[in-house]
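Shown below is the structure under consideration.
Per-chain residue numbering starts at 1, and chain names A, B and C are given in the order in which the chains are listed.
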Amino acid sequence: MAHNIVIPTKDKLFNLSEFFSFTKGNILTAFILGGGLIITFIRFTQGIGSVTNLSDVQPWGMWIGFDLLCGVSLAAGGYFTTVACYVMGMKHFHSAVRPAVTTAFLGYAFVVVALLYDLGHWWRLPYMFFFPGTTSVLFEVGLCVATYLTVLFVEFSVAPCEWLAAKFPILLKWRTLVNRSTIILTIFGVTLSTLHQSSLGSLYLIAPRKLYPLWYSPFLPMFFFVSSMAAGGSMVIFEGMLAHKSVHHYMDATHLKEADELVFSFSKAVSFILFAYFMIKLIDMLVQDNISYLCSGYGALWFLEIFGFVLLPAFLYAKGSRDRNLRLCRFAAANTVAGIVFNRFNISMIAYNYDLPSAERYFPSIWEIWISCFVVTLIVTVYRFIVYHMPVLYEHPNFQDAH
Amino acid sequence: MRNGTTLLLLAAIAVAGVAYLTLWEPSLAPAAPALTSVSDAPSAMVIFPVGEKPNYEGVGMKPVVFNHLVHKNRVENCESCHHTGETVACTTCHTVEGNVKGKFVTLNQAMHTLRILPQADRNTPQSCVSCHTKQLQKPKCAGCHSIVKPTRSEIYCNVCHSVTGLTKADIVDGIAGKLSDERKAELAANTLKARKNPVQLQPTDGPYKVMIDDIADKYKANMFAHRRHVNSLMGRIKDNALASAFHNQPTTLCSTCHHNRLLASASPKCGSCHSQRANPDPATPARPQLKAAYHLQCMGCHKGMNVARPLNISCVTCHKESEGQSVARAAEKLGEK
Amino acid sequence: MNRRKFLAILGSAGVASALGTSKVAKAGGGTHTWPYYENSYGILHDTTRCIGCRNCEEGCNKVNNLPKPDNPFNDLSVMNKSRRMTPTAWTVVNKYELDGKPVFRKSQCFHCNDPACASACFAKCFQKQPNGSVTYDDSQCVGCRYCMIACPFYVPSFEYDDAWDPRVVKCTFCELRLKEGKLPGCVESCPMDALTFGRRADLIKVARARIKDNPDKYTDYIYGEWDAGGTAWMVLAPIAPDVADKKHSRIETGHEFKELGLDTHLGNRPMGELTYGALGAVPMIVAFWPVLFGGAYAISKRREAIHMAETEAIVRETKEDVVNAMDAAVRKIAETQGPGAADAACQAMADAMKTREEACAHCGHHGEDK
């Protein structure tokens, strides 16, 4: 009985028909990608200044604040799920690992792509390995992201191997090797994730006078790491929700059966993490004697972030997992994801340079936002391609013994 | 005589004006009698370095003759100096060694210190020197004194610390408080009589105009109205007793600008020390380069005296542009167009 | 891997970590001490002398061959607006108000003793030179602009409009001119010696002397002596009259610097040190995480094994029970109804078991699927 779906690439190599139907999604995708390509061309021929509102006082804007900071933290689902499944031994979530690893891999790959837009000499990105500035937090981020991207690629590579195995049987050897080293890859991955997730927070440690005191803290790396766990768990739920809406017919029975249980289980875990995050944020605020800053516009933002996007989803998750309310859990996941984005925006843009006159402050240009949307659309499109071709949401009948 | 009435009227007004300006002067004079018609406050007095330790040899800090009358009329009220409100002698509390009554503020500190903590709950005391230093901020003084500070030399000390006809026995008795009032008055009177302010060089002793052309390059040489400047400076402090007493050398006033060039033609030129350096001179970082040396003197003095003119960024007020420079600028303008 | 090879690897790891901390070690006892370079140069900017003539801007422009600005340098109306450094203007003079009186301050790179930009750069573009300058080598710049985030003085600017070779640009301390024995362009062109060039250590003494001689003129603070770990460029500020009056209270000392647009709360340690704690945790995590997660993995694995063994035991017992029961039943049937009936019963039971087992095998397989 094992599989109740038709394997799309059983007899043929490609399954591209879904891209060429005139659905709303496809038209929107084409529109965003088309516009994005034009902006890309302008960016790479006319310079960063031609499409962004970046300035000498605000050198990092939307592309770092959203594409890098949010991109990396929202791709934390990869390490969160693999650790839950392989290290903690929650084998019944096995069907969630591959989608999570896939999205994490795509997330990281496109973080690097988006980064190229933001770099002045983008072709020199590998220079950091030749002239390593070891005192730089960014060096640590770069090194870990590069290594982790490799790890994710290896973890993910099983899916394309299974897809192409019929044509290139040699790939099976690689697949076996990867499967054997799963646990090593997982532990390597979580170590690297811890390092660079926290280091993204450490990036701002060097600018204590530029970031509003409610957000600046010597514990920024810890906040970033803890919130990335919440982001990872929530993103798995959130992505699952979206996948169920759009690519439901590529999910096999096992996946569908395990999906709901996974939501409740992750909800519980993320609820705990969010409560912990709330507590450390609160204690940090008290310890740093920041109460006087609460009575300002930024204080209101902080309250909104901490209560509306941390404590609220924590409660919703707790209630959702107790009552086994799928909708509530999914809402909480969306709420958490929005909260993470809000937090990263606050740190990188809204509460950054708070002391400067408003004329010198930054607001992203429409083109910067477009490029960010462009990158997200690219991720979605590549994800669709992978799902249409590779055994991600279902098990390939030839490889059922995989675990 | 068609305009006779008008002319007469004008003449009358002129006479009245002259009369007003000249005749009213004496009527303002009654201030002077007030100087003498004080209660029982002393006019001039000798302040001895009173201390707990006996002084048999008559050595130590020289006593000071203090013209109480003159100072009294220059301060707001008695509390300015008698900061406790009691009009007693300074040495009542402040002795050479310091004691509990004077909160261990020694006589030396009480008279000379510049670092006086503002008192929150009572009158902030002043010392002789702190008050005198404050006088230097008056615009007529601040020109030079924003550039130079009084040299604390022996001559400087002697302006106050000198009593004519003082004997060792007087000191011993004075410290012990045994000196008779008559003797004290005599000493004070003799000293005041003997005090003579040093004669200053006069503006006419210097050149009328001076050509400053050491660094004429972008701009033409500057013709400095030397005598006009000296006249103006001296005129302002002509009647200032403090300045007259402390400008204790004939060249004191000159030495603000001529700080190492005491008017003899053999002494060094400015450019001897102030190089037009094109190279870094790390050995003497504090010494201004020649151009800056001139500018710091001129602008420092003008700024201190609140002379609004010339604007210190308007170069051509003092320096005419050289031909080369104006041609270059014209060319630049043409190029822009 | 033999012992020798192992030791070699261990040794190189040690060297690598030692390299990372050599800077700290050089300073002695793990703390940064000033000066790193005893004879480094600096510049003292005395804002009480500055008249806002913009000659320094012109001098900088000239010696560095920068493009001519739209407004000529003698146009002082630009002072009415706050300006900042740009890729083509490496220094700017701004006008500030201190109790109604204009005070001018020149901005440029402060050339920190331990620069935040150098600490932040992940491609080692910035270098503190022994002569005091902080130099930037654009040949290996990736263009990430983290230096601009790190700089507490908002100094570096970036050529945003250059697509092919956008560089970070900042004052160079006229490093090449220094090597030729010349003064920086701005210092040379200052008509007031508001910029004093010299050894940094001497300049501090000069500044101290000026403050001491003119307590009513200067704020009693040398900006840059310690700020952000100390800078090569230091600033003296005039004292505001209200403080001059009660000059000995010293309560509000330093607010003048804030009014001159200088941040007086940067602390006296290099900005880079703020990240050292986080960077120092890296080896800890690298060492500890695998142990932690490896342990968690081992625990979950062991629990699984125990669970498996227990399940097997129960299944075996149950099976034996069933067999025994069947045996007893068959014997009873043989006793009561004779061997023929027993055989028939035996057959029937064996069939039933087989069907059941098949079904079970199916479930079992399915269960394993999880």
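Note that in this section a residue touches a chain if its C-beta (ideal position, glycine included) is under 8 Å from a C-beta of that chain, and two chains touch if they have at least 3 such contacts.
None of these values were measured; they are calculated from a predicted model.
J.: Show me the overlap between the contact partners of subunit B and those of subunit C.
T.: Common contact partners of subunit B and subunit C, which must touch each of the two, are absent.
J.: Which pairing of chains accounts for the highest number of C-beta contacts?
T.: After counting contacts between each pair of chains, the winner is A-C.
J.: Among the chains here, which has the CA centroid at the largest distance from subunit C's centroid?
T.: Centre of mass proxy via C-alpha means gives B as farthest from subunit C.
J.: Provide the C-alpha centroid distance between subunit B and subunit C, rounded to the nearest whole angstrom.
T.: Each chain's C-alpha centroid was found; their separation is 56 Å.
J.: In angstrom, rounded to a whole number, how far apart do the mean CA points of subunit A and subunit C lie?
T.: From the centre of subunit A to the centre of subunit C is 22 Å.
J.: Please tell me the distance, in whole Å, between the geometric centres of subunit A and subunit B computed from their C-alpha atoms.
T.: 75
J.: Going by the touch rule set out above, which residues of subunit C reach two or more other chains?
T.: Answer for subunit C, listing residues that touch two or more other chains: there are none.
J.: Can you name the residues of subunit B that touch subunit C in the complex?
T.: 114-118, 137, 146, 149, 277-280, 282, 285-286, 288-289, 291-293, 295-296, 299, 312-313, 332
J.: For the complex, give me every residue of subunit C touching subunit A.
T.: 19-20, 23, 84-86, 116, 118-125, 140-146, 148-150, 152, 154, 156-163, 165-167, 263, 265-266, 271-272, 274-279, 281-282, 285-286, 289-290, 293-294, 296-297, 300-301, 303-304, 366, 369-370
J.: What part of subunit A is in contact with subunit C in the complex they form?
T.: It is residues 1-2, 43-50, 52, 54-57, 59-60, 83, 86-89, 91-92, 94, 118-122, 124-125, 127-128, 130-140, 142, 183, 186-188, 190-191, 194-195, 198-199, 201-210, 218, 221, 254, 258, 400 of subunit A that touch subunit C.
J.: Which of the residues in subunit C come into contact with subunit B in the complex?
T.: 41, 44, 49, 51-53, 72, 76, 178, 181-183, 188, 190-193, 196-199, 202-203, 206, 209-210, 213-217, 246, 248-249
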